[in-house]
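So, here come the structures, one by one.
Heads up, the next two complexes both have chain A, just with different partners, chain B and then chain C.
== the complex of A and B ==
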């Protein structure tokens, strides 16, 4: 059963990430890859929301990406399958790494930092593989360009998540722990 | 609503447009069907016929086709990506080879045809989806998804997200003004530097978001969310025979095209898969 808290996390995450995604596309566009950004600012936010509040944060990122990319690229099946599903998978991969390693999102211990250092690039790589394989299946790119797309996605997404997400996790996790929506219990 | 115009997600649309009068379920179903059809068809001629059909249907339904002009720059961006990718990185056999590249890729007549097919497919999705969104009101999102069996909570979340994005734009403007008053130059440096400066607004924005999340969850719980028992709705959308005909046509066409693609090579790209 979906609770009011779950809806609040999803709606607020999506509402927060949507304008940031629009800014990211306008500020740092990638020539040749429409509606893509070399510094995907909202990723930093929905990664953090997912680590704090679980699946519902990732769902917010998914909705925001679809709406923001759709604004530039059209609300099409390709945009949904491509960017939006990719952005749903990525933060969940990072969350899975934290769960598997027994780490916590406040990044205090060595284990937490290691989980963040492994989780973010791994999640960006999985998402990059997904996004550019979908691009390939829709015929937008060819095999020789596939790895270029995966590599640029991997670097751009990881940089944004590290730059935006790290200060958020370090400075605000103690504050968020008071929230009944926080999923980690010591 | 006023002055014979209806407010949709993409602005104000004439009330006389048939699309705006369709049932929300038909609008959501159209969005799915029009995209799936474009995805199923690969051959350039059927795609061109499909695109012409979409534009003709839109004109007959008095949809504001001039709004599509806003997406032309996007189509040029996609065209650039497609041309670059296929001209430099494909091997599609054809009757004539126009250029061979040192790394083994070449451009044939079929390469150009395939580029055209990809562009037509994307244009079909773009035109179809934009026309549906031109007729979609925010209430349609909730009622349309509910009508298709999507849980109310999911439909409501999507609608809330749309409304919250406008609020966060105001919050961002407030945080940005505070940064400017403290002497930060947000327009200085290259794109990456500007993006880095923008990310400095992350902490105050996140604090606002967390507070808003708490307030929203309390408000929703006080209003009895999630709803138990039978829910009532403010608006009543009447399902007409035209809606039945439109929904049946959309489903039948999608199934028909999927079956036709399996049985006949007409809808597939000639020569696919390439040797």
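== the complex of A and C ==
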């Protein structure tokens, strides 16, 4: 059942992430790798919203990425959809890791921190594999660039989610807990 | 010598950061009152959380702006 609050969470997530998805990307050169890694700042926000509010947060990130990718001229619908689906999958993978480990997103206990340390890189890796494998199958990239793409995606997304998401989870989860939309109950 | 546009934008960003810092300080000073008001329900918890998220988003946009200047994507 979809409530007005679910829609509000998705809309707020999409509204927050859209300007970031359009403009807030910084390329970080990695020594030894022939490509810079995209420090994808909006990922930190939709990961956090997904860990607090579940699928509705992930859906907001998905919508923001889809709209933002469309801004760039020359991208085909496949590229938009590919990146946007990847950004829907990634935070849900992190959420699944938290569920499986019985962790909570306030990152207070050792288990919470471990789930965050495992969940974020795993989610970024799954997302990178998805995005670049689909790009490869559609002929957007060539095979020699596949592993570079996956690796830079893995590193860049993980760094951004750790840098942006960690302080948000640590400082705001105690307030979010008071919301009926919060998906975790102790 | 920095360009006029760069100085203008940097000034706006600096004031934005000051406003956000003052908002955080105000939140800390009123913590007890705000927590009490939040427990009574309503929209306040959402407003407070989403405002903090929006502030964080603005700070990261500012970081990205200067990062893109350094990368050469933005020239002023």
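Here is the rule we go by: the second predicted complex is superposed on the first by the 168 of 186 C-alpha atoms of A that agree within 3 Å, B and C clash if a C-alpha of one lies under 4 Å from a C-alpha of the other, contacts with A are read in each partner's own complex, and residues count from 1 in each chain.
The working rule: a residue touches a chain if its C-beta (ideal position, glycine included) is under 8 Å from a C-beta of that chain, and two chains touch if they have at least 3 such contacts.
Only a predicted model underlies this, so the values are computations on that prediction, with no experimental measurement involved.
Peer 1: Determine, for the superposed arrangement built on chain A, whether chain B and chain C clash or fit.
Peer 2: Here the two partners, once superposed via chain A, clash with each other.
Peer 1: Once the structures are superposed on A, label A:176 by its partner contacts, choosing first (chain B), second (chain C), both or neither.
Peer 2: Touch partners of A:176: chain B and chain C.
Peer 1: Pick one for A:41: touches chain B only (first), chain C only (second), both, or neither.
Peer 2: In the superposed model, A:41 contacts both chain B and chain C.
Peer 1: Quick check for you: in the superposed arrangement, does A:141 touch first (chain B), second (chain C), both or neither?
Peer 2: First partner only, chain B.
Peer 1: When the two structures are overlaid on chain A, which partner does A:24 contact: first (chain B), second (chain C), both, or neither?
Peer 2: Both partners, chain B and chain C.
Peer 1: Tell me the contact category for A:93 with respect to chain B and chain C: first, second, both or neither.
Peer 2: After superposition on chain A, A:93 lies in contact with neither partner.
Peer 1: Name the contact category of A:164: first (chain B only), second (chain C only), both, or neither.
Peer 2: both
Peer 1: Looking at the overlay, which bit of chain B runs into chain C, 42-50, 96-104 or 204-212?
Peer 2: Only 204-212 shows clashing C-alpha atoms.
Peer 1: Once the complexes are superposed, what residues of chain A are shared between the chain B interface and the chain C interface?
Peer 2: Dual-contact residues (chain A): 8, 12, 16, 19-20, 23-24, 27, 39, 41, 44-45, 48, 164, 167-168, 171-172, 175-176, 179.
Peer 1: Any idea which chain A residues touch chain B in the complex?
Peer 2: Counting only chain A, the residues touching chain B are 1-16, 18-20, 23-24, 27-28, 31-35, 38-39, 41, 44-45, 48, 59-60, 63-64, 67, 70, 72-78, 138-145, 160, 163-164, 167-168, 171-172, 175-176, 179, 181.
Peer 1: For chain C, which residues count as touching chain A in their complex?
Peer 2: Spelled out, the residues of chain C in touch with chain A are 38-39, 45-46, 48-50, 52-54, 56-57, 60-61, 63-65, 67-68, 71.
Peer 1: Considering the complex alone, what residue numbers of chain A touch chain C?
Peer 2: 8, 12, 16, 19-20, 23-27, 39, 41, 44-45, 48, 164, 167-168, 171-172, 175-176, 178-179
Peer 1: So in the complex, which bits of chain B are touching chain A?
Peer 2: Touching chain A from chain B are residues 31-32, 35-36, 38-39, 71, 74, 77-78, 80-82, 84-86, 88-90, 103, 105, 114, 117-118, 121-122, 125-126, 129-130, 132-133, 151, 153-154, 156-158, 160-165, 167-169, 172, 191-192, 194-196, 198-199, 202-203, 205-207, 209-210, 212-214, 216-217, 220-221, 225-226.
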